[in-house]
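The first chain written gets the first letter, and so on, giving A, B, C, D and E; residue counts start at 1 in each chain.
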Amino acid sequence: MLAFITLLSPLIAAAVIVVGLLRAPGAASKLSVLSAIIGFVCSLLMLLGMGGSVEPFVWAKAGSFSLTIGLLSDDYLAQGMLFIVTFVGLLVHLFSLGYMKDDPGKARYFAGLSLFMFSMTGIVLADNFAMMFIFWELVGVSSYLLIGHWYKKDSAADAANKAFMVNRIGDFGYLVGILLLFAITGSLGFEEIRNAIETNPPAQGMMIAATLCIFCGAVGKSAQFPLHVWLPDAMEGPTPVSALIHAATMVAAGVYMMVRVIFLVEAAPIAGEVIAYVGGITALLAALMATQQDDIKKVLAYSTLSQLGYMVMAVGLVAKHPGSEYAGQAAFFHLYTHAFFKALLFLGSGAIIYACHHEQNIWKMGGLFRRMPKVSITFAIGTAALMGVPFVTAGFWSKEVILGEAYDTPVLFWIGVGTAALTAFYMTRLFVVVFFGESRSDHASHAKDPGPIMTIPLLVLAVPSVIAGFGFVAGLLHIHPPHHAGDHAPFIIGASLGALTLGAALGFFLYSGKKKEPIGFPLFRDKFYLDEIYIGMVRVCQDAVAYLAKAVDQIVVDSLAVLGTARITRGLGNLFRFSQVGNLQGYAFLFGGGVLVVMILLFSFVR
Amino acid sequence: MLTLNHFLLASGLLFSIGLAGVLLRRNIIVIFMCLEMMLSAANLSLVAFARFNLTEAGMPDYNAQVLVFFIITVAAAEVAVGLAIIVALFKARETVHVNDLTSMKF
Amino acid sequence: MTLAFYIAAAVMLLAGIGVVVNRNPVSAAFCLVVSFIGLAALFISLNAYFIGIIQILVYAGAVMVLFLFIIMLLDIKAETKRKINYYSAGGAFALVALFVAQITAVLDVFETGKKEMPELAGDKGSDVAAVGELLFTDFIFHLQIVGVLLLVATVGVIVLSKRDAPPDPAPDQ
Amino acid sequence: MPAYGLEITVVCLGLVLLLIDAFREKGSKTVIAAMGAIGLALVLVFLMFGSAPTGETYWGIYEWDNWAKFYKGLALAATILVLLMSVDYAAVFKRYTNSDESKSGLGEHYILPVFACAGLMWMASARDLITIFISLETVTITFYVMVAFMRHNVGSLEAGVKYLILGALSTGFLVFGITWTFGVTGAFHLDAIGEGLSRIEGSAVPALFALVLLLVGLGFKIAAVPFHFWVPDVYQGAPAPVTAFLSVGSKAAGFIILLRVLEPFLQSDLTREAALTLLAILAAATLLIGNLAAIPQTNVKRLLAYSSISHAGFLLVAIAAPVEGNPDAWRTVTFYLGAYLAMTMLCFSILCLVRAHGGSDEMIGFSGLAERNGLLAFGMLIGLASLAGLPLTAGFFGKFFVFSLAIQSQLYWLLAIAVLGAAAGFYYYFKVAKSMYWEKADEAAEFTTGQTIEISFATRLVILGLVVATIFFGVAPGVLFSWF
Amino acid sequence: MDITLLHFIVCLPLVTAVAILCGGPARQLARGAGVFNALLGGALFYYFDREDPGFQFAGSFEVLASPSISFAVGVDGLGAVLVLLSVIVMLCAVWQIPRKVEGRMDLYCVSVLLIGGGAIGAFATTDLFFFYAFHELALIPTFLMIGIFGHGPDRSTVAWRITIYLGVGSLVLLAGLLWLVHASGAESFDIPTLIEAGQNLDAEVQKWIFLLLLIGFGTLVSLFPFHSWAAPAYAAAPTPVSMLHAGVLKKFGLYGLLRLAVPMLPEGFAAWETLILVLLLGNVIFIGFVTISQRYLDRLLGYSSVMHMGYAFLGMMALNEVGYNGVVLMLFAHGLSIALLFALCGHLRERVPTMEIRELGGVAKAAPFLAVVFGMGAFASIGLPGFANFAAEVMIFLSAFKGGLGDGGGLTALQITCIIAVWGVVISAVYMLRAYRNVFQGEREPEEGTTDVAHESRWPLVLLVVALLAAGLFPNLILNLLP
């Protein structure tokens, strides 16, 4: 019952706003926040074991087959994730009240936010692939709506489109994967599939294909290489949205989904390896790209990518440790800690951007530490967590677990460590440039801390950013990070410490007191030219093919087949018509000829 | 000795000559005459058939001759009407040549 | 008997060819008369005296006179001036030749055609009576239809030959 | 009442009208048309509801069965409609003869169809080749006169001459065919011919030779390829009501005779297969040429001529596709012709009206008809739809049964050609619809006056009646079937 | 003969058309008929007995004894869904009739009513003859409507093409249907009788009949490569015609296949499976790419409707319950969504100077309602959850995999086709969102004086959206009707 309330309250809010409150932004925002509060309370209660079970709802029925909406209200993983989602969601709602105060599309914005909460809750609670796919698509929609909130800006409209398209490509794979699993096991429910695979292991090849296809969904949604390109562009949306959707929750949905079906990775180790490498590559590339970005949100976006890479890597590495009781928990642990500190960082950046009158270029900020102490301190906590400052930040613990998982695979391990160093480097760069030194623009020099409606969420988020990594806190959410590191723990800690120190020191010394970018590295700044490459690919593989198809359609189908037939018919018609010579004698001749032909024909039938 | 085929061949040849006339001549009146020839050729066959295939009474089937009588009558009427049309045409167009009658075609 | 047939048939066919090849319509008409006389002879050789007589009376007499009358009335000589189109003439000849070939082929397999002329059982000259009787008994109905036909033809000829003011100068085709 | 009474009545009607025409010099000739139409209508009523003549035949040559009855009805209905049409067409008619009514021959113009009607009715009952020949010639000679009737119109005269010469040519072949049939079977009566055929031993060629020659004569009447050459020119040149009469009356009578004549040949094992194959080939050729050659036409009358050829093709398909022990070919052909009467007459009546109101037969003359007179355009549209064979019109059921027959006798290739032909039909019929509805009258000023067409109440009634009939038989074909 | 609700639904548009021809007030009558019919349709939906798999609201009137042809009506679940779709779309379509037209208003209204009434009749009748005949009823009105009231310079070509194409297609279909009737030996055109009599037809016969039906019905549904009539015609036709044609009438082909070919010609399906799979990929992928390269919004919508028909074929190929339900839902959903999009396209056309996507932009600023509803239509069309299209697509995809893997653990041809066809989901997102982005969003300023949809014209659009959402959120509303 609680699960149903959690699921439906944001939907109702969104529906009511769309139907009746578009002209009343105040009421709309309040309704939306109310629904977020209800959701949070319900998830809290569920976490306390008051969820109970919910009868599945038959959504679509076809004879004996049916698609159902079933809610996993007594599943630990779902409860934990639900808490994260509703918690961050609530804070983002509150923050938005301030951030979007004067926006003309405020009601629309909150409707979108509520729709997103509904969809995300649906993903979390889904007990089968069909339902998850429904909500999977819905988060895509709400993400599209929210990124494109300022649709009058070309860049925002384009970014929304790009996000949607790229996600659709991932969804293509995801849907194919679901279909393959359906064919293999004959069902769509997670439990049923798991049982079917365990009792009757299918052919490995088909299993690998299915798992990788399912993973495609995660690649799209969690913005893994090579489908990562949409996430940085998605920063065109309002910053709270970036915090909620493009940092804490939606992009983590891919990881959540993979953890939910981690048994697939276990059943197909080769697929697991691929997944792990995809994660690793994403982590490293994103970190490299982050080092040269000037937009505060872009830096954070690339860091998100990088951290998601860690999580995906952890998912893939599950295959290396078969039979583990807590398979996938490493990834989920990082997801969980990351949600807090990344939301914190985004909201912090939102506050900064708000204070600087929507200025996002870090080189036009500077010296904000003195002017915005609350924001600065919370931002510092977030940065520390992201960099993995040992023992006192949540990020440290979760990253350490992942590195421990990767220890057996040296390549991935060193990628992880390298990424950690890069993370420390670019976060230091960001922090130094934004908060220290002199203010480099008018807006920056007049910035000040925003009101409590925006600072309180920051403060609230700062707490779990510190403590969430501790085992007992994680245990509240039923998270049990595995410890594969064992004896190697000191080595791992040492490596990550070294990376942290190296990166932070380099960042500090390079950027301290600089007024503009001291080093130019176009390859990283221009994101390995991947956008350009993709645009080229789209031109060739899609637009050119489309043009070709149109040409074929017009020339072959239309002109040759259809018009050709018409012409032939008409030509024959003219031919016959010109036998009508108009001359009487001609007719007589043809008549006589006709008689002869008929006669000869008829006699030829006689045997 | 004379057989039925002699008559039929004569009739067929007359028919063909008539047909040839229709196909060759350009003067509508002459064409019309050739058509009369074709009808007469048919008459010859008819009478010949009747004469060679006697009825049970041992006499020709006079029905055939009645038909010939009718054919001649009809042909006469046809000639009258046809010539009237040809005269009207001549009045309007000053020609009885088939090649001049091609205002409608295709 | 046979000789008479060949002579009559030859007259008929040669005169028929004369109709086709004579470029002067008047000569053609005369040829047709001759041809019909040959034909009448054949009728008579087939014991169809009545038909033979009306062939001469109606056809060679009345109908052909009508033809000549019209030819004279219209004073047609146009055809003599025109050239012969040898292609179409060739085509026509080929067609007719093929037609003749067909007829001969049919006659070739026509068994009945191979039989000789049987003797008549009754009076050879009774055909006028027989035809007349049939016409007014069994075929009285047909005779009436033919009457209608002649009436229609008469009406038609009268209407078509009506005389009136010069026609509309701009005839619509 | 004796069986032949109906025809005699019609002939008497014609004679009376002739007398009235002759003795009534002054005044409008419309009276004659009206009297003719009323008289024929009375005959039609009598035919439908009057007591049937007793006894099967009259001297064995006069058939009185349901088919004969129906075809007589068709002839009467067609003639009545032609007379009504002729009244509307009188203006055009007078332009090409004489502006004075009595000198124009308008009276005769109204009377000749009555005699033709008598001939058509005889044809419907003819059971032997002599009757067939005579009644056919009665009709043909009447038509020679009627086609050439507009004696100052070169087109009409040219059409008359072409019809005359080719008609006489076909008569020659027909007579030759009758001769050979007599020679091969020793009989003129169709039943006796059947017996005669069954007695033949040896080659089938002479019998087939006779059949071919008969088919030439009858194929000419029904406008089957390759004996169709006269059709477009004559249809185009003849006065429109006469064209309609040719298209409906002459063709329907041709078909009943074709059906009757073919019956012994199709029942005889000797000739059956060859004849059917030949008919199928003729049907295919007729369909192809009729439909395809119609596509580029720009003159509505000529278009309808080609359409008439194409319909002959469909009808031939039905004849060429016999189903054992089943009178379906007869039923189908008869139904088709009944439907054909309604739709063709509809089209031609409207054509007459358009022509008479300053238009022309050219398609462009129909431009903007929808604005000039909505009823005419709508009626034409229905007529064309029916000719094209769109469902819920009578024409569809015709094609429907034809296709069914083709399938039942497994003549799939012929079916394919029929489908192709029907498809081409959509194009050329809709072309007229396009002129009427899409185009504007003022863009075709050369061909139309562009003014609104006023039509009389009677005409309106006739057109509405034909529209209703076309649709009614398309929805409830059973009614038409119940009449034969 | 029992008079049932269905008789009224079938006859009302036709009777209204006659009334208009007799001089009644055209626009008002048409609207009245639309509203009334929708109410009757609602009653049908309400009173339809969901437990009864047979034909309901049945009544027949014989018009010909041999072969037996009757004016028989009756709907089972399939028919009910499509009748429902028809009345909804027709209601919205008659509301799109403009106040003033260049030409004769009565002609306009009669044509719309005939097209809609024909579609309803075709779905409601249980007699094969009327099934065919009602569909053909639309042919002439469409021809006239495009020719007289259509848009664009090439409308005459387009009108010809759709007319001839559909004419030819339906003739082929007629041949196939007649053959089917003959082969079944039923001597009756009553569809239930026919299906009963025509079980276990000879495989070879099935094969050829199926081919004819496939070409015939396929042409009507714009199955590749018989599609080239569709998009240009929809683009050129007046709005109500596009709505009815693309939304309702086009479904006739699939309806026919579901009604006749699925129960009677299973071996026909088997014989031509590869062909159909290739053709439907032609629809989904090839036409998908063609759609991407369209430059005009109306054509794009037209091609998108062609493309989506491929999915319906895909659902049919599985020959199982899931596929059947999916296809029916697809027909319903696609009908509503494409009608909505064409209605919006019509509104847009009145407001902007061109339909060329590149030349437009920023319309949402001036016409937010239009933009929002268009967005919903676009979302529905690309199959996003919440709209009925999504449920249909998912069910169709699942149907192909319902039977498990093929022999030897590999994929069957159908499954491979299905996987390729899933890519169509991406394609449709590409062209739809690209178009939406260019037309409605962005910085370009719309033409001076561009207005939003007038208030009184909004509710038909809302109705369509609501219907789409209702069927999307609760597909069982529709699926329950099916046995």
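To be clear about the criterion, a contact is a pair of C-beta atoms (placed from the backbone, for glycine too) under 8 Å apart; a residue touches a chain by one contact, two chains touch by 3 or more.
These figures come from a predicted structure and were not determined experimentally.
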If a chain touches chain C and chain E alike, it appears here: A, D
Set of chains adjacent to chain B and to chain E: A, D
More contacts between chains, A-B or A-D: A-D
Chain separated most widely from chain A, comparing mean CA positions: C
Chain nearest the overall Cα centroid: E
Computed distance of Cα centres, chain E from chain A, in Å: 35
Centroid spacing, where centroids are CA-atom means, of chain B and chain D in whole angstrom: 26
Whole-Å gap separating chain B and chain C, where each centre is the average of the chain's CA atoms: 4
Euclidean distance of C-alpha centroids - chain A vs chain C, Å: 100
Contacts with 2+ other chains: residues of chain A: 577, 580, 582, 584-585, 588-589, 592-593, 595, 599, 603
Multi-chain contact sites of chain B, meaning residues that touch two or more partners: 8, 15, 18-19, 22-23, 26, 28, 31-32, 43, 50, 53, 63, 66, 70, 74, 77-78, 81, 84-86, 88, 92, 99, 101, 103-106
Per-residue multi-chain contacts in chain D, two or more chains: 130, 134, 137, 141, 144-145, 148, 151-152, 154-155, 161-162, 165, 169, 183, 203, 205, 209, 232-233, 237, 296
Contacting chain pairs - touch in the sense defined above: A-B, A-C, A-D, A-E, B-C, B-D, C-D, D-E
For the chain A and chain B complex, residues of the former touching the latter: 577-578, 580-585, 588-589, 592
Residues of chain C defined as touching chain A within the complex: 88, 91-92, 95-96, 98-99, 102, 105
Complex contact set, residues of chain A against chain D: 569-570, 572-574, 576-577, 579-580, 582, 584, 586-588, 590-591, 593-595, 597-599, 601-603, 605-606
Residue ranges of chain E in contact with chain A within the complex: 161, 164-165, 225, 227-228, 286-287, 289-294, 321-322, 324-326, 329, 362, 364-365, 379, 384-386, 390-391, 394-395, 397-398, 400-402, 404-405, 409, 411, 415, 418-419, 422-423, 425-426, 429-430, 433-434, 437, 440-443, 474-476, 479-480, 482
Complex contact set, residues of chain D against chain E: 370-371, 374, 378, 381, 385, 388, 390-392, 396, 400, 403-404, 407-408, 415-416, 419, 422-423, 426-427, 430, 433-434, 437-438, 475-478, 481
